[in-house]
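So, here come the structures, one by one.
Both of the next two complexes hold chain A, though its partner changes from chain B to chain C.
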Partner chain A sequence: MTFPAIVNLFPFAADIVVLVGILAILVLDLLLPHGDKRVLGGLTILTLVVAFAVSLFYPMNGEAWGGAYVGTPMALFFKRIFYVGGILGTLGVRQQAITEFTRRQGEYFALILVSVFGMSLLPGVRDAILLVVAFETMGIPLYVLSAYARDDKKAVEGALKLYLVGAASSATMLFGLSLLFGLAGSTSLVAIAQHAGAHPSPLAMVGTVLVLGGMGFKIGVFPFHMWVPDTYEGSRTPFIAFLSAAPKVAGFALLLQLLLPAGGALLHLTLPVLMTAAVMTLFVGNFFAIRQSNVKRLLAYSGVAHVGFLLLALATGTELGIASLMFYSAGYLFTNMGAFLVVHAVATAGGDDSVESFNGLFRRSGWLSLAMLCFLLSLAGIPFVVGFWAKLFVFMAIWQAGYPALVLLGAGLSVLALFYYLRVVRAMFMTTPKSDAHITVDFATNAAIALCLAGVVGVGLYPTPVFEAARLAAIGVLGP
Partner chain B sequence: MMDIRIFLSLAVVLFTIGVYGVLTRRNAVGILLSIELLANAVNLNLVAFGHFGAGAVGQVFALFSVALTVTEVIVGLAIVVLLYRTRQDITVDLASEMSR
Partner chain C sequence: MIFPILSFIVATPALAALLLVFLPDEAKTAIRAISVAASAVALAGSIYVAQAVMALGPAQFHFHERYPIIPSLGINYIMAVDGWGASLMLLTGLIIFAGSVASTTLENRPREFYIFLLGLVAGVFGVFVAQDLFVFFLFYEIAVLPMYLLIGIWGSTGKVESKGPFAWAMNQLDVGGKEYAAMKLTLVLLGGSALILAAMLGMYFAGGHTFDMGELAKASIPPNLQWWLFPALWIGFGALAGLFPFHTWSPDGHAAAPTAVSMLHAGVLMKLGAFGVLRVGMVLLPYGARDWAFTVGTVAVINILWGAMSAMAQKDLKYIIAYSSVSHMGVVLLGAATLTVNGWNGAMFQMFAHGIMTGLFFALVGLIYDRTHDRWIPHMGGFANIMPFIAVFFTIGGLSSLGMPGTAGFVAEFLVFLGAWQGPHAWWAVPGAVGALITAVYVLRGIKDIFWGAGPPPQFAALPDARGAERVALVVLGTALIVFGVWPRLILDLIDAATPLYLSAIVATQAAGVTP
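Then we have the complex of A and B:
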């Protein structure tokens, strides 16, 4: 049986699962009595696991909505990242949602799913209108989630900052898109790129730079990174674990859809801007991270530095570069979420977010300290955890693209980064704790940390399958 | 005959005022209003491009843009109300560190 392209919904098989999950949770939320909503968190995880399984066994290729959406191997790779991110994020926030937002937890989980739904549309968009809609579907639930602790002054303040920056940045992005749309006379991203490639004009460059600037706000690129540490510090840590990883990867998935068509026409047009932003982001992230005494702020700046690496991988504009970006995204998701969840576990056990509360963690919980050690080593890029391969592949791509100086710079800054990551390691293993009380963590958070650790160590010891998948998915993405 | 450049120039002016407002206003509602200016600059662009060549798709794009901006502003106003409830004050400074 064949369908006309406009009603072909097979490329959305996994997204439809998520959509059904959202509706089921919203309806069940109304039907369940107030004290008995714990099942909704489990249902969220189940929905995402099913969506992930669908994405494993069903390729979801092909055009839909008259070519506005195209399912590709690359889209599939990113979708899997987002579903895994959603699963880990939900596991992480589950306990807090149940205890702190008991009556409102149904909407909390539904909003996470809506955000994941928006993300999972992004890597396949081929139309500016769908791009904007999917982007906002991802973004608006995140503003609500960050303000969910409505009596906490700091959380609300962080949420307002996230919101104002987010809204201003999406308006900036839209302004850029409107210029690109006007030049090409079409909302198709391929037509926009082809037009800019055939008639490169200053206006096309201004439009692309505005889109990059808007996205730069979202993913925390210098000079638009100021909000990142504040929001991370103010908001609830398990939510930040989700916010710091999945939406950033989604931002890069969006940039790829805009910059890669027509042989990377818009990428070449804005290459100097991208390169400068990437190098500055690397510098700022690493140098500001050194001074931080709060682990959440430290991880925020380290996240800025990692975005610098991802931008470098993007700026190479080669298939190897795109493949290394995809691999780096997957590794970053596991590593960063794991690290934030350990920070959360330590902070709930009577500490706060400072480096000092990690003092002697090894004696209080060997499991947490070893997990955190792996995450920090992965963030620093030490063999044999996933971060090492991620950095190595990015360096290989930059070298092949002909920028040996950038490889040296990146390697030098990685050594510098080791310094501030090891400060936390030193606190964990070589100092005495203030109290010897053993740290107990709830089951869901433990499971999330264990999954992150499995990803970090597993892919670190055997990176071939993931990198092969990324390499195969990147073949031909620079096509017409 | 109206020229498209008039509309685009107006949009650029609106956008610039909006950016200036976002960066300098310290009242959260003021920043929200500035973001509205940014969004309206976008809509003006889209409608102008639609009218002067691209066709109905420009107007459709503008409709989507309006709908998205409205949903976004609703969430934003809700957060401003929350902030007012927790500290009876809605000044924010985007450029500096958070108050401790």
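Then we have the complex of A and C:
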């Protein structure tokens, strides 16, 4: 029995699981007494694990909603990243949600799921309207979540920044999309790209750049990166672990859907802008990270630098480049979430977010210090952790696309980056702590860190399956 | 399927390190036993490989292993060994065995020390047997990074007299401090590896999307591309080999490092750099090697003289040895630049000889420092009266360092200068020999100031001589120095058979005319 494409829901098999989870949590939140609400965190994780399992065993290919959504291997790859990110994020925030937001924790978890739901639609969108809807479904819960600690002025300030930037970015993106729609006369991303490819015009370029700018806010591209460190510093760390990884990857997943159709027509149109932004982002991220004394700000700027690498991979516009971007995203998710969760664990144990609070971490918790060492090395791109492969694939793609000078630049800046990562390593291993008190971490956070570490080291030792999945998913994405 | 002996040798230290992660801190005896046992196994393995390669023919590659890592990109795990690789494996085995034996006296967090040390060793072994450029690079980076922690945590901070126009900046940066040294070393070496990575990708894309060194040697990479790639490899690898002017990390790093680490670093890791220049730079990029040989050789000569004169100006014991390494590594690079069979044999032999010699030196310096907690030579004197054992071996090392016949150092320097004389720029031999002369000055003066003269100063009068395990390390290395000096064929036969094959590509380019 075949369904008309408009009601074909098979490409959404995993998303439906998430939707059911959201509804279940919202209903249970009303029914459960306060003392029992802690099961909701477990339910969130269960939902995401089931969704992840569905995405593993069920390909979810095909068109839906009249071609507004297309399930592709690439969409599947990104969905898996988002589900894993959701699982790790929920594990990370669980303890805080239970203790700090005891009465409101149900909504907290539901909002995370809504955000993940929005993200997982993004890599399959083929229509500007669905694009905006999914983008906001992802974004709006994040504003709420970042302001969840409503009595904490710093957190609210960070949330306000995130909200204002988010609103501005949505407006910019919508304006750009309206220009593109006006030119092509269709909301289909493919039609827009085909039109721009056939009739390249300054207006098409302006429209695309505005959309890119709108997304650039979200993923923290120069010159729209200023909010990143402030928000990271102000907001709750476990939430930042989630915010700094999954939505960024989602932003790139969306960029791919916008720029790749019709043989990468819009990509070629905006290549100079993309390249300039990528190189500037690399520079700004790396150079501003050097002087940071707050680890969260340091990781924020390092995240900006990593976005530069991802943009470079995107700008190559080759299948290898796209595959390397996808691999990089997966690796970055594990690495960055792990690093932020260790920061959280250290700060919870009587410290703050400064580099000094990492002093002598090695003597206080060998496990946390070794995990953090692996995360930092992965961020720096040292062998046998995933970050090395990620950078290597990006460099290969850049060289293949004909920019050897950029490889040299990127490799040089990676060495510079090592300098500020090693400052944290130095604090952990070569200084004496203020107190020798052993750090104990709650089970869920520990589990999240362990999973991140498993991802970082596991994929670092044997990158083949993940890379092959990314490579196969990238074949043919540039279209005819 | 044959037993993967090469992977076994690489994996043994790594697995031992992994085992140590799960041992409690208190089990110090077990920690030391496991580490020493792992390095003994590695040494035995490399001795077996060396003699097997000798028997099977050192000109060919043996013990092949090949597993795909990322087939779609042509990245494979390829291991194989010929005479060159086997000789340097043997060196690594000797040094790491002596080093881990000498470190058994370490009391400060031995577990973590051995974890990082063994990780480093796995990387070094890997570089010498990797036949895939990518795996080569992977192990190369692994060998560099643990240094940061090893020096930063277990190193020692020396006294540096800040003089001249940069004195203020030197004080600000804490020059001579162990953390400064560790950071400088890491950044310079990884900066070098950024260049290597770029050159490697260039070779990959020009050589038909493969990292296999055997195929890259056959691939015809365009000569004008080679002209660009070679200097990147030369500087990138050269940074680790103490290439002038990128050598300044080495005295700081070696002076600050704990005993076993400076043994391993000066003894083996600097050879990684020189081996990279030879094996990757010159062999895989013959046109680049031909066109840049004059520059390489001339800078090597500067290295020899600059290192020797810097060593002469030092009063800190570790800095003398460290600068002498810079000078001696210049000899290796000079031998490589001659592009002659004798020069390359000499370069390889010098790597071996200098590795053992420097390993011995740093072991001795470590013993002296452990006792005196002082590295300042003017504070010392007459130590031969209280520590005759150390004095004897220091003298053996010193004589080899200045190229005394009967020691391994003589064979190496003789071959290199012979090669230089036969090569296109015979004058290189002259400053090279002058360097050996200056070496004699600072080595003999240093020995005199430390060991001879009126009895030890009162604060050092009761210091003990080398003991049990420490003597083992000294005897192993000192004996090797003399054995290979008297009977160099033991190693030279391994090296010599492979050299002409490697050189043949460059010889072919001599006829091919000038690069456009």
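In the analysis below, the second predicted complex is superposed on the first by the 479 of 480 C-alpha atoms of A that agree within 3 Å, B and C clash if a C-alpha of one lies under 4 Å from a C-alpha of the other, contacts with A are read in each partner's own complex, and residues count from 1 in each chain.
Everything that follows uses one rule, which is that a contact is a pair of C-beta atoms (placed from the backbone, for glycine too) under 8 Å apart; a residue touches a chain by one contact, two chains touch by 3 or more.
Bear in mind that the values here come from a model prediction, so they are computed numbers and not experimental data.
K.L.:
In the superposed model on chain A, is it clash or fit for chain B and chain C?
P.N.:
In the superposition, chain B and chain C stay clear of each other.
K.L.:
Which partner, chain B or chain C, is in contact with more residues of chain A?
P.N.:
Greater contact footprint in residues on chain A: B.
K.L.:
Contact-wise, after the overlay, does A:404 reach chain B, chain C, both or neither (first, second, both, neither)?
P.N.:
second
K.L.:
After lining up the shared chain so the two structures overlap, which partner does A:396 touch, if you call chain B first and chain C second: first, second, both or neither?
P.N.:
Only chain C; A:396 stays clear of chain B.
K.L.:
With both complexes overlaid on chain A, does A:129 touch chain B (first), chain C (second), both or neither?
P.N.:
first
K.L.:
Figure out whether A:42 sits in contact with chain B (first) or chain C (second), or with both, or with neither.
P.N.:
The answer is neither, since A:42 touches no partner chain.
K.L.:
Let me test your reading of the model: by the given contact rule, A:144 touches which partner, first (chain B), second (chain C), both or neither?
P.N.:
It touches chain B, and chain C stays clear.
K.L.:
Give me the angle at the C-alpha centre of chain A between the C-alpha centres of chain B and chain C, rounded to the nearest 10 degrees.
P.N.:
140
K.L.:
Quick one: minimum Cα-Cα distance, chain B versus chain C, in the superposed arrangement, integer Å.
P.N.:
Minimum C-alpha separation, chain B to chain C, in the superposed model is 29 Å.
K.L.:
Based on the A-chain superposition described above, do chain B and chain C contact any of the same residues on chain A, and if so which?
P.N.:
On chain A, no residue contacts both chain B in one structure and chain C in the other.
K.L.:
Under the stated contact criterion, what part of chain A meets chain C in this complex?
P.N.:
Counting only chain A, the residues touching chain C are 362, 377, 382-384, 388, 392-393, 395-396, 399-400, 404, 407-408, 411-412, 414-415, 418-419, 422, 425-426, 429-430, 463-464, 467-468, 471.
K.L.:
Of all residues in chain B, which touch chain A in the complex?
P.N.:
11, 15, 18-19, 22, 28, 31-32, 34-35, 38-39, 41-42, 45-46, 48-49, 53-55, 57-58, 60-61, 64-65, 68-69, 71-73, 75-76, 78-80, 82-83, 85-87, 92, 94-95, 97-99
K.L.:
What part of chain C is in contact with chain A in the complex they form?
P.N.:
The contact residues of chain C facing chain A are 69-70, 72-73, 112, 138-139, 141-142, 145, 148-149, 152-153, 179, 183, 186-187, 190-191, 194-195, 197-198, 201-202, 204-205.
K.L.:
Spell out the residues on chain A that touch chain B in their complex, using ranges where they run on.
P.N.:
Touch list, chain A to chain B: 128-129, 132-133, 136, 139-140, 143-144, 147, 150-154, 156-161, 163-165, 167-168, 170-172, 174-175, 178-179, 181-182, 185-187, 226-227, 230, 233-234.
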